[in-house]
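Multiple structures are listed underneath, in structure tokens.
Same chain, two partners: chain A is paired with chain B first, then with chain C.
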Partner chain A sequence: MKIHVNEQTLELAENSNIEQLLIYLDKPLMGSAIAVNQEIISRSHWADTILNEGDNISLFQAIAGG
Partner chain B sequence: MLNDDELLRYSRHLLLEDVGETGQQALKNAKVLIIGMGGLGSPASLYLAAAGVGHIVLNDFDHIEVSNLQRQISYQSDDIGEAKVEVAKRKLQQINPEIKVRSINKTMPEMQLTMELTMADLVLDCTDNMASRQLINKACVDAKVPLIVGAAIRFEGQLMFFDHSETDSPCYHCLFPSSEEQTLNCSNSGIIGPVVGTIGTLQALEAIKYFFGLPSGIKNKLKLFDGKSLDWQTFTVNKDPKCTVCGQH
Partner chain C sequence: MLFDEMNKNDQLVIGDKSFSSRLFTGTGKFNDQQTMVAALKASQSELVTMALKRVDMQHRDDDILAPLIKNGMKLLPNTSGARNAKEAVFAAELAREALQTNWVKLEIHPDPKYLLPDPIETLKAAEMLANKGFIVLPYVHADPVLCKHLEAAGCAAVMPLGAPIGSNKGIKTADFLEIIIEQANIPVIVDAGLGSPSHAALAMEMGADAVLVNTAIAVAGNPIAMSEAFAKAVQAGRQAYLAGLGGQSTQAIASSPLTAFLEASL
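What follows is the complex of A and B.
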């Protein structure tokens, strides 16, 4: 299936969850926040949130500066 | 009641249908704690003082360095070496002698923060590190005090508002659960002044709207600002039932 991650389209296996996506992208699990279709998915739900065809994923890091 | 000087000073607020004398009086009664007096806290505090927030507490342990002056607009070259909160306090009182400003020139231990929160209606997190952000979030959740969080780095800004007086409110920790993680800060990544200024200014706007009783555009939302494209992204933050900070409340 095709999904969009930070506005780039990529091909992912059906029924993949968020944790699998991050491993596939080789992104650190610790520092990241993730939103599916503009809704933040809390870390405790990464493993049980199944991605669907056409989902818009936003992946970003906490920033602490000020 | 507003006195004659205040009626004149705030006349451009009073003209607004959403504000009027009731709104201005609410600002006058408001008590805001600003933690961190750098690139976010500078514009946030200047606007809150000018607007007439009646009680402002400024907290920062730091002294002014020359490298601060590129973005921390409360300070000037003459101020180098002085405590940020003392210089900022002086500046705010010069802008608006009608308000009360108090300064706390140290990193507050948890107990003192808890005590300060009993006197605060609203907190602005304007700090520059993850450990402080997590500590402030937890204290605000426990004390049920609303929290407006700003952060900025490079050309990027983040802005969010959690009203912890509501029991079902999500919190900063629901969004960013680890204080251990490698986070970016101004001294290791760089920052553009107007980017951090934009976020600090919007923290002030949301604070003022809160006291006017106007709905917030960022409540339970995370806004990401891209200073290059000037695009904003908006995300909904849901309460994490397993959150170790707000989950059990």
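What follows is the complex of A and C.
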């Protein structure tokens, strides 16, 4: 299935969850935050939130700042 | 009482956390991660700010979290990049997930030239975030009336500026910071513009509860040594405040007895 992560289209296995997406993208779990179709998904639900075809995913990460 | 002993009991309490160090630091603008971690350690800071950004899918960012957590620093995510209250609340909620903390440095500065905080959107966001259970530390202009509104809105502290972010100009808002400090029932953290240790010491002498320094340390010739200098200045300023500064006067007041013994001996 196709999903969009930060405006980039990706091909991902059917029934993938958020945790699997982050591992697939090689992004750290700690320090990351995710919104699916503008809705923030709590970390405790990453493993049980199944992604769907066409989902718009926004991925954020903690960085240095003042 | 010796200051060391006095100092031990001199904890700063914000929300549910108490701090021994009154120097808070930012993690931005350092040349490399190693220098950043060494400088933050040298500062003895227990609260460090971080930002959040939309991930660039083409690049992998350094993991700066692990060394900060390992050194026992509490993380304070900011909402930098938010242009209004709605965006700031969204950023705070993302940061809460990313860093697993309900603490947030609320900053809304839509104008990139001076990065001055928007008071109206900041107050709106502060009310919303406090209602959602966040520990809110808003970055604001040194506006005593706004600071009282933010206190009433449930903020855990206020962070008035000394001068524009990153300007290193020092405390240009002294008269208004004094009013804020006098009126506040929550901690006052002087944030932004502090360019040298003497600026930080002055803020502490004025009775600020803490200061937040980033640029002045990060861009120094030797950030680690500068970090130590700031730590000493903050301690000295705090000690001076606790010791009670002598009053000022226009006229001289002699420090030695003005006896006329020299004349008399002629």
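Keep in mind that, in the parts below, the second predicted complex is superposed on the first by the 64 of 66 C-alpha atoms of A that agree within 3 Å, B and C clash if a C-alpha of one lies under 4 Å from a C-alpha of the other, contacts with A are read in each partner's own complex, and residues count from 1 in each chain.
We take it that a residue touches a chain if its C-beta (ideal position, glycine included) is under 8 Å from a C-beta of that chain, and two chains touch if they have at least 3 such contacts.
What you see is a predicted model; the values in this text were computed from it and never measured.
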Would you sort A:A64 into first (chain B), second (chain C), both or neither based on which partner it touches? both
Check whether A:N6 is in contact with chain B, with chain C, with both or with neither, and answer first, second, both or neither. second
Which holds for A:D26: it touches chain B only (first), chain C only (second), both, or neither? second
Which partner reaches more residues of chain A, chain B or chain C? C
Is A:S42 in contact with chain B, with chain C, with both, or with neither (first, second, both, neither)? both
Residues of chain A that lie at the interface with chain B and also at the interface with chain C: 28, 30-31, 33, 35, 40, 42-43, 58, 60-66
Which of the residues in chain B come into contact with chain A in the complex? 36, 38-41, 125-130, 133, 150-153, 156, 158, 174-178, 180-186, 189, 191, 196, 199-200, 222, 224, 233-238, 240-243
Could you pull out which chain C residues touch chain A in their complex? 26-30, 36, 49-57, 60-61, 63-66, 75, 77-78, 80, 90, 93-95, 97-100, 165-166, 212, 214-215
Touching residues on chain A, where the partner in the complex is chain B: 28, 30-31, 33, 35, 38-40, 42-45, 58, 60-66
Which residues, counting only chain A, touch chain C once they are in their complex? 5-6, 8, 25-28, 30-35, 40-43, 58-66
